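Accompanying notes for the structure given below.
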Amino acid sequence: MKTDVVVIGAGAVGCAIARELSKYQVNVTVVDKNEDVGGDASKSNSAIIHTGYDASPGTLESQLVVAANPMYDEIVKDLDVPFKRIGAILPAFTEEQFLQLPAIKEKAFKNHVYDVEYKSGAELLAMEPNLNPEVKGGLYIPRESIIDPFILVQAMAENANANGVEFLLGAKVTDIKTENGKIKSVVTEKGEIETKYVINSAGLYCDEIAAMVGKADYKVVARKGQFYILDKNTSCQVEHIVLPIPTKITKGKLMCPTIHGNMLVGPTADDQESKVDKSTTAEGLESIAKDVRNLVPGVNLRDTITQYCGLRPNRNPEGLHFDMYDDLAGYINLSGVRSTGLTLSVAMGKYVVQQMLMHGADFVLKENFIKERKGIIKFSEQPLEVQDALIRENPLYGNVVCRCETITEAEILQAIHRPLGAKSVDAVKRRVRAGMGRCQGGFCGPKVIEILARELKVSPEKINKHNPGSYMVTGRSRG
Amino acid sequence: MKKDIICTICPKGCTVTVEGEAGAVTSITGFGCKRGQEYATAEFTSHVRILTTTVKIEGRDSDLLPVRSSRPLPKEKILDCMAVIKEVSVKAPVSQYDVIVENICGTGIDIVATKTMQ
Amino acid sequence: MYNMKYDVVVVGGGPAGLAAAVSAKEEGAEKVLIIERDNALGGILQQCIHPGFGLTRFKEELTGPEYYSRFTEKADALGVEYLLNSMVLEVNTEAKQVICTSGEYGMVCVTCGSIVLAMGCRERTRAGIVVPGTRPAGLYTAGSAQRLVNRQNIMVGKKVVILGSGDIGMIMARRMTLEGAEVVMVVELMDYLAGLTRNRVQCLDDFGIPLKLAHTITKIEGNERVTGVYVAPVDENKKPILEQEEFVPCDTVLFSVGLIPENELSKKASIAISPVTNGPIVNQHMQTSSEGVFACGNVVHVNDLVDNVSSESETAGKFAARYAMGNIPAETKTVTCKTGRNVRYICPHTISLSKEAETVDLYFRVLMPEMGAKLVAKCGDEVIAQKKEIKVNPGEMNHITVNTGKITGDLTVEVIKED
């Protein structure tokens, strides 16, 4: 295999870079160890598009997050990604917290986030009636937003793919070869790719990739974040992102709606050695329950439909880093892409490509770049007439497979058959939400396994939950 | 010999105490009804169970025919019967109560379909 | 949109919906329609291939398919109509309209005289009981596994731990064993069995499967497929005693930790829901808080015996038909059924009194197991019905029959301990 640029990692940042590169006449291959695009940290986070109000002023992270936030209005339109600017509130419940507000507002100002405003306790309670009534006042950050993080990454990947970017999935990078101070090739489990450039956007594993070219002067520290997702019907809801006032030790746990109308509560923040241990813990889940009740006392965790855990790739020493090297032409290293990574991905795409152009890349713009990508139509969100027309056109829209989220067989087939389509149960879930609802795939799981096996023309035991080894079933009981 | 037998005739689950020797019952107490008395007596002398499972339908991968033993089978024969049933396949259509395996494992009991399959 | 008109529309073609539809037809409703989301009628009984159904109703031990086929045959003979692969998206209680999908017709709007809700229930999941750990493949609710094994010809795993001693869990323990899997143990948080005793005898004891009462799973391990679980005993506050935790290797975990009535449609239609049963509040005719909308079966309260579901659904069907024909006795007064000592809930929640006296079966569940109990229904201090039971158990529904002629006001059901 031969290409111009290899992007390692098909998470938010990798896919954003790939999409940006696909505007140019250059061959790009994205490689990832996972069987699906979507990365690791990019698919288990709080799904918030930040403003950067609380970043460290003057850092690359601050610049990119602040620049990225306004880009979303256009990107979500072009790529058909569910997104909503719901705003965040930062309520103070104690005198001590109240006295911290001016410093937080000043930091926002230094980050060029000028639209942060004070709100009185009464105003905040009017905005968010389920808030702890002890609230003394707080800040309102209007452009903090929520997004479907799965669709965002899929959309960027699909659009890059439509513009010629190749994806090599299930292909763990095992080595990077260099020659005379230049990148030569990337060796993966699925073959070697000759290339001029390598962009390391491997997130949790970016230190291991960097070590392959002798550039690992840092370590990735996985910071575990556990979350609860509550039923759409839960009695106590919020309409904004409700953030706690950070303490010296932690940024704390928040409560917010997801773009699909569930409530999200969390996360914890605990550093750990392992990059694979994504287990929730009794203590972690209890600590979320305790902390969030300070913000929203009525939160009903008995309405939980799932708990999950994500690992944010923090860096030691800290900070978001973009590195190019005089002694290794063609190698770009990204590290410290942590909880703000989803937000800043779209700005990072542009930043990386501009840096490449300024450092000698002779990429020429395409004339036929396809800017737009259409998502899979959500049957459940259509008006009756449209639903009726959809079924008449394709009767499989009449067959509801996932009853909790009202997902039809027609949508599942599109998830499987569109470019970079779903090959696993989780991949179907992340594309069309079958199994994301309150029964967590209890009813539709068995059907989805059967549909995947039928459509991919394999036997059911070949269907995985996510990656190889995660087989859903052991085979036919009667041969 | 004395044995406490939990009656499984109905959901109540009465504990019936049976005393006796080698199949002959000398005393029986704790049953809630006549059928419970019969059950506990039978259970004291020999254990029987209705076996239910599924049978392969030829030419269909993701569909099965549910079947049962026409009468309760000796408990110790259940796994032998399963081994036989697992190797059987039928051609659709099948009607409810069609005999699928006659006189399974020499018990004199048939395995029958519990569902009509077109 | 395709329009249809029926006297009675039944949402759900499981045992409740079938019995309601048959009885509505028998009561005289001319056009009765069942709307079912699966590809066949029978509901959950299609996958319940085991015996144990029909002992009360038919005085014989039937399997699930045999039980429901007695109703589908009747429904066919009576001319009950049905839409399969058709999901109801909305119930309009005022206009008496039901909107559903249909591959054949597109979106369908059925206008009707009365509606019977019979959507059944769903299984509580791991998240509902908070089991920490990873999220690998190999975690199933017992009912999903049952569907895969019994209907789809798919085995889910080889070495199984089951959490919860509910009936489906125990029945799956036997089923998996018969299919060649090893069931390592059944773990139950409470110190008593959640399901029926006979299922313990026939499904666990018969195969030597250990039942760990007062134990729980404290953690799930494995990143791709489950590799095992940690199991620990619990103290009197149901907190795990972590010092006694042990690792149990397995490739499959089945959850049988309770059922939840599926009332998303009812809630959307603003029908009053009981916080105890999570089902619609109904009177003795199974009429909900919305006039002309009836509900029956597990959508109202989770039953352990399908025989009870059938009889309660027949009541719903009968009165749905009467309502559609404008033939419901005029109500003189409504009384409430209140829970007394050791009673968790009663179904029906209210009794509508009219000039005609009728007998009403009050179904209820106790809070805790008890030996030697007297079940009592009373109005004020006056006992209007009573009945003795050798034992009562939360896993087994009790019932007592009252005559509405004797009811003078709100009614209390209680369980009295007898020595």
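Chains: A, B and C, in written order; residue numbering restarts at 1 for each.
In this text, a contact is a pair of C-beta atoms (placed from the backbone, for glycine too) under 8 Å apart; a residue touches a chain by one contact, two chains touch by 3 or more.
Note that this is a predicted model, so its numbers are computed, not measured.
Central chain assignment: C. Criterion: smallest distance from chain C-alpha mean to the mean of all protein C-alpha atoms.
The chain with its Cα centroid farthest from the Cα centroid of chain A is B.
Between chain A and chain B the centroid-to-centroid distance comes to 54 Å (mean Cα coordinates, whole Å).
Chain A and chain C have Cα centroids separated by 39 Å. Between the CA-based centres of chain B and chain C the separation comes to 26 Å, rounded to the whole angstrom. The multi-chain contact residues of chain A, meaning those touching 2 or more other chains, are 450, 476-478.
Multi-chain contact residues of chain B (touching two or more other chains): 54, 56, 61-62, 64. The multi-chain contact residues of chain C, meaning those touching 2 or more other chains, are 152-154, 179. Contact residues of chain C toward chain A in the complex are 1-2, 37, 85-87, 89, 99, 101-104, 106-107, 122-123, 125-128, 130, 132-138, 140-141, 143-144, 147-149, 152-158, 179, 218-221, 223-225, 264, 267. In the complex of the two chains, the chain A residues touching chain C come out as 233, 276-282, 284-285, 302, 304-308, 384-385, 387-389, 391-392, 395-400, 403-404, 406, 408, 425, 438-443, 445-446, 449-450, 460, 464-478. Remark: chain C residues 49-51, 55-56, 61, 63-66, 69, 150-154, 178-179, 196-198, 200-202, 206, 304-305, 390-391, 396 touch chain B in the complex. The touching residues of chain A, when paired with chain B in their complex, are 450, 476-479.
Contact residues on chain B toward chain C in their complex (touch as defined above): 6-14, 32, 49-50, 52-54, 56, 61-64, 66-68, 75, 78-79, 82, 96, 114-116.
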